[in-house]
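Presented below are the structures under discussion, each in the form of structure tokens.
Both complexes shown next keep subunit A, but they swap its partner, so subunit B is in the first and subunit C is in the second.
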Partner chain A sequence: MESSKTILTKIFTDYYLTAAQAKKEGKPIAYITAFTPVEILRAMGVVSLYPESYAVVCAASKKAPDMIHASQMAAFAQDLCSYSMIDFGAEHYDRLPYGGLPEPDILIATNNQCGTTLLWFKLLAQKKNIPLFIIDYPNAIGQQSTMKDYIRRQHKSLVAFVQEHTSNTIDSHILTEQVKNSKKACRGWKKVHELNKQSPIRLRAEKLINALFPIVAAKGTQSACDYYDALLRENQESPQTESTDTTRLLWHGYPMWFLGNKFPSGFDTDFQIVLNDYTLWWDLDYKDGVDEMESLITAYSNTYLNWSLEQKINWIMGLVKDYSVDGVICHANRSCRRALADIVPLRKALSKNKIPSVVIESDMANPDFYSKEQVGLRIESFRETLRAS
Partner chain B sequence: MRYMLGIDAGSSYTKMVLIDETGAIAGKNIAPRGSEIVVSCRRSYDDLLTALKIEKEQIDGVIATGYGRKQVRFADDVITEITAMAVAGFSMDSDVRTIIDVGGQDSKVVALDESGKVVDFVMNQKCSAGTGKFLEVTSGSLGVNVEELGELSLKADKVLKLSSTCTVFAESEIISCIAAGEKKENIIKALHNTISGQIVGLYYQTNSDHQGKVFFAGGVALNKGMVAELTSRLNREVIVPPDPQFIGAWGAALFKRKNQK
Partner chain C sequence: MTANDKILDHCRNLVSQPDYRKEYLLRIKDQYHGLIGYFSNYIPEEIIAATGFHPVRIIGSFDTSQSHHRTLFNPACSFVQDVYAVACCGEFSLFTHVIFPNSCDSLKFLRQMWESEVKDPSAYTVFHPINADAHSIRYFAEESKRFAGELKNISGVNFTESDLTEKINQYNQTRSLLRKLYELKKEIRTFLSGSQLIALMTAGLIMDRNEYNQILEQLVQEGTGQQFQGDKSKKKIMIIGPLMDNVRLLDQIEQCGAIIVDDDITNGMRYFDLDVQTQGDLYENLAERYLRSGPSPTLHRDPQVDIQSFRDRVSQLDLGGVVFVNQKFCEPHVHNYLSKIDILKKLRINYLMLEIEHDRAALSGRDLLRIESFIEIAGRNSIGVE
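Take a look at the complex of A and B:
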């Protein structure tokens, strides 16, 4: 049986090699936003790439400041989302990781995460002079059949759009396989997280972050399922190095991709992040017992960022309970206005339930908005506060 | 007699408080930070002991807090200002539930429960808006000393509004106001209004029922204009303890004494 590390390396390499090869072979390439129904595109033979995920790679490889600077030189304001700034800067920067993403033929954007991605992709469509398809996912659709029909029609239109621009048709067998694998990968991903309900925890937060890529970029593939199966298998046992006497923390929101461990220093065996809710945003709700298209409707409508405030807070409060969390660190990520809005009401809800919290202001990808000293002081103060209580 | 030393290595000044076995203040001093914190702290330490005729052997422990706490290498313990402020504030008055501290580099609001434990705290954003640095930089544009700001602002006869909370932009607004012939006193009051707005924002972000007494600590609490603005905006009494700039150092020493027993 292959190790999770081996499978992850293959998934990562395949993603970039397949993209480069596809360009050479003339296969259609789409740039898509994080919560696009990629299963449909794969079933139509379209190689789908995530500029947001690539921005993460750039940030983690310390290229972000130069790329953001290049973007500023091209007249984009620093206040914009740093993922988009990295992407805008890429065309003016010549030392891109993996040589950059190959040029796309089509663009697909969804509004189930934020409004910035729509504007970002509209701009890309204008600059590259290529077609863009936008999918509108009304939030909190519940069981409303009209809303489901509305999304179903859009998914059908997506198929027509891709067919028009690539001449590829949809293969229903591949779609079935893709949805089945997505469902399985999401369940595996959730189970991996659930290992940390135990004490001591099985996977440190930085390990979970490093395991995110398959569910983001390879969802729907057998490799992603195999990866989470392997990760689950390898981490069942209690690690000797971890303490059971620990203050259990939930990190709310984005990690800081530019940091080596993706989280600031100041955490150790007795003061640990047991869960980062951001990584569970990719545990999508693929329904059982319905057709593939219906399964995709629920999965992509019910994304975290598309929920109502009440749904978000209830979900996080549930995680706090399930993971026996003692305190919450809220990352006020300057880049993501939609996630920023959650913080004040979340802190109030936590306070009502006697769960202490602290706010750390920074950014997911732009280290210029990160102050090691100030973040360190807040974490240290929070630690003292929790210890005293 | 045995003593405990608390050092608040702030971004502008180093404050030291020596307490005796009962927790009472035996001596204190304050000095500009200097370029090397450990050097200026060591000098202040020696000066304090010399002035009080106390031998180093009588010191049971040294604890540092504040922005430069980790650079005070001769300290045998460190705590954050949040804890230090809470310990000192609650020791002074057990009815205190909120402590506002405006320092040179950051501002903070600390909420306490009825046992003196910190239940929540909120600090300023990454930039210097809402900190003592804002007043320090902008007072320079007006050609007045920071110490004069409070008295001058109380002489204002007009309500001016500065549109920017950014230190750099506020400075250029001040220059525009001066050019337009506006009185210094009115501009200074507007500066206090701006900074207090930031602090009141932090106050309401703190998860607390906002009952109980409000203490205002840190060097900026010596500024009567700031006290007046905060009192007005919060619509409640804002109590300035004696020597508010020493509260952090005193709280640190008290913490050390309590935890050493």
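Take a look at the complex of A and C:
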């Protein structure tokens, strides 16, 4: 049986090799945003790449500051999301990890996470004259048939758009397989997290960050399912905690990729970060007992960032309870207006439930907004608060 | 002071003096079921009006000093910061509800904070689409019906189709009159300065609609056939940006030697460029009009079509330059700027980007210098009116 590490390496290598190979073989390439129904594209033979995920690679390999600087030199305002600035900077930078992403043939963006990606992809489309398709998921949906029908029609139009620009048609067997695998991978991913409901925790939260890539970029594939099965198997028994403190913390929001997939030192060494809720944003709600298209509608409408405030707060408070969380670290990520909007209401809800919280202001990818000293001071005062509580 | 001066003063005060605006709204409030505040050009005002409410566009207060500095995390845009600070002081208590659009991330940020911190008046979101294709129109018609249903529940008023038609006609009249005034402006055949025209346009988003249409009719009548009486050496410029409610700043730009002959701002051409049809399904007609009108950067059409229509528009204007006036941290309009500058470069039209804080009523000395030198080098295109 393959180890999770071997499978992860394969998934990663495969993603970048397939991308490079696709260009040579003339296969259609799409740039897509994080919550695009990739299953449809795979069922149409389109190689789908995630510029956001590539920005994470650039940030983790410490290239982000140079790339952001390059993008600023090309007239981009400094206050945009760092992912988009890294992407725009890539054009003016020649030491890109993996040689950069190949040029896309089509672009697909969705608004179930933010408005930034739409503006970013629209600008790409304009500047490079690449066809763009935007899928509108106005709100998280329950039973509203109007909204469901609207999204269903858009998914159909997506098929038509891809067909028009690639001449590829949809293979319904592949679509069924893809949705089945996505569902399975999400369940596996959730179960892996749930190992940390125990004490001591089974996986340090930074390991969960390292394990994110398959659910982001290989969802729908058998390898993603195999990976989470393996991870679950390997960690079921062996508790992995080096911390002497048993205080259980939840990290709310984005990691800081430039720290090499680690949390600021002090948090991870002195406490147990049992969970980063961000990694669970990818556990999408693929409904059972409905057709694939219906399953995709609920999955992609009901993303964390598309939820109502009440849904978000209830979900996080549920995690706090289920994972026996003693305190919450909120990352106020200046890149992301949508995520920033949750912090004040969340802290209010936490304080009502007597759960201490602290805010760290920084950025997910740009280390220029990170101050080690300030974070150190926050950790100290948070330690005091936790002791007092 | 002439009658026209009085009208223009009234409009200007409504836009730039929050206390004056509030007093006015309190005065007219009892004519309606109540006042409803709203953001964005994608909220169908006609539906609000048909239910007997008066739709009032929320614009800036320019006065955050009284707000105890309640702020949102940056980078929420400067406009949203201003509105939030004022909302926290209870300044919107004269509204029964506040309606949010489903547009930029800063407004979505504000929407959540409203729910969590402001609470009163209660907020409602119209989940309008962000594309403008046939599916979107169909969906928006349904969403508008849902919105009408909610308003009917709130007010207890069950308006008929002919009530809605009446309001559509009234709002169409506004749009048609504003188009006439703008045409006069483009041809430099009106006594109104660019900033006066934008103040007049913006005041309409606040004022009672009957009163407003009467004012517009009077100004159109008087403007028709007039010759420009100002300084003929002024450079023709276009301004582009989000809601532009800082009249003093527009004055300052024009005082530097420019005349604003066209705009692509929220409270400008984008508000009135198309009418709503009154034959057939009214909700579909409303949806079509709102989605097909000059798109804001938060509404998405084929990017190449957008480029082409912008190119055509600016080419026809014989402009000296384009001034982008952006709110600090307004992401949609930064992208809009980035998407348009290549076209302007190709057309050899000068452009300038001004990033402003919403709570600062006047331009800084540094920005004024930038404008002065920009206008000095802007094209060789003076107005050229004989």
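Convention: the second predicted complex is superposed on the first by the 378 of 389 C-alpha atoms of A that agree within 3 Å, B and C clash if a C-alpha of one lies under 4 Å from a C-alpha of the other, contacts with A are read in each partner's own complex, and residues count from 1 in each chain.
Assume contacts are C-beta pairs under 8 Å (C-beta built on N, C-alpha and C of every residue); 3 or more make two chains touch, one makes a residue touch a chain.
Keep in mind that this is a model prediction, so the values were computed, not measured.
Trainee: So, does A:Ala341 touch the first partner subunit B, the second partner subunit C, both, or neither?
Mentor: Once the two structures are laid over each other on A, A:Ala341 reaches subunit C alone.
Trainee: Applying the touch criterion given at the start, work out whether A:Leu119 contacts subunit B, subunit C, both or neither, answering first, second, both or neither.
Mentor: The second partner, subunit C, only.
Trainee: For subunit A, which side has the bigger count of touched residues, subunit B or subunit C?
Mentor: Of subunit B and subunit C, C contacts more residues of subunit A.
Trainee: Tell me which partner A:Gln154 touches in the superposition: subunit B (first), subunit C (second), both or neither.
Mentor: second
Trainee: Looking at the overlay, does A:Thr169 come into contact with subunit B only (first), subunit C only (second), both, or neither?
Mentor: neither
Trainee: In the superposed arrangement, does A:Val358 touch subunit B (first), subunit C (second), both or neither?
Mentor: Only subunit B is touched by A:Val358; subunit C is not.
Trainee: With the two complexes superposed on chain A, say which partner A:Ala388 touches: subunit B (first), subunit C (second), both, or neither.
Mentor: Touch status of A:Ala388: first partner only.
Trainee: When the two structures are overlaid on chain A, which partner does A:Gln374 contact: first (subunit B), second (subunit C), both, or neither?
Mentor: Touch status of A:Gln374: first partner only.
Trainee: According to the stated criteria, A:Gln21 is in contact with first (subunit B), second (subunit C), both, or neither; which is it?
Mentor: neither
Trainee: Touching A:Asp79, do we find subunit B (first), subunit C (second), both, or neither?
Mentor: A:Asp79 sits against subunit C, while subunit B stays out of touch.
Trainee: Which residues form the common part of the subunit A surface touched by subunit B and by subunit C?
Mentor: Of subunit A, residues 344, 348, 361 contact subunit B in one complex and subunit C in the other.
Trainee: Touching subunit A in the complex: which residues of subunit B?
Mentor: Residues 67, 79-83, 106, 117-123, 125-126, 205, 207 of subunit B touch subunit A in their complex.
Trainee: Which subunit A residues qualify as touching subunit C in the complex?
Mentor: 75-77, 79-80, 111, 114-116, 118-120, 122-123, 125-127, 129, 132, 134, 136, 138-139, 146-147, 149-150, 153-154, 157, 309, 332, 334, 337-338, 340-345, 348, 361
Trainee: Within their complex, state which residues of subunit C touch subunit A.
Mentor: 72-76, 102-106, 108-109, 112-113, 115-117, 125, 127-131, 133, 135-136, 138-139, 142-143, 146, 297-298, 300, 302-304, 306-307, 328-329, 331-332, 334-335, 338-339, 341-342
Trainee: Spell out the part of subunit A that touches subunit B in their complex, as residue ranges.
Mentor: 344, 347-348, 350-351, 356-359, 361-362, 369, 371, 373-374, 377-378, 380-381, 384-385, 388-389
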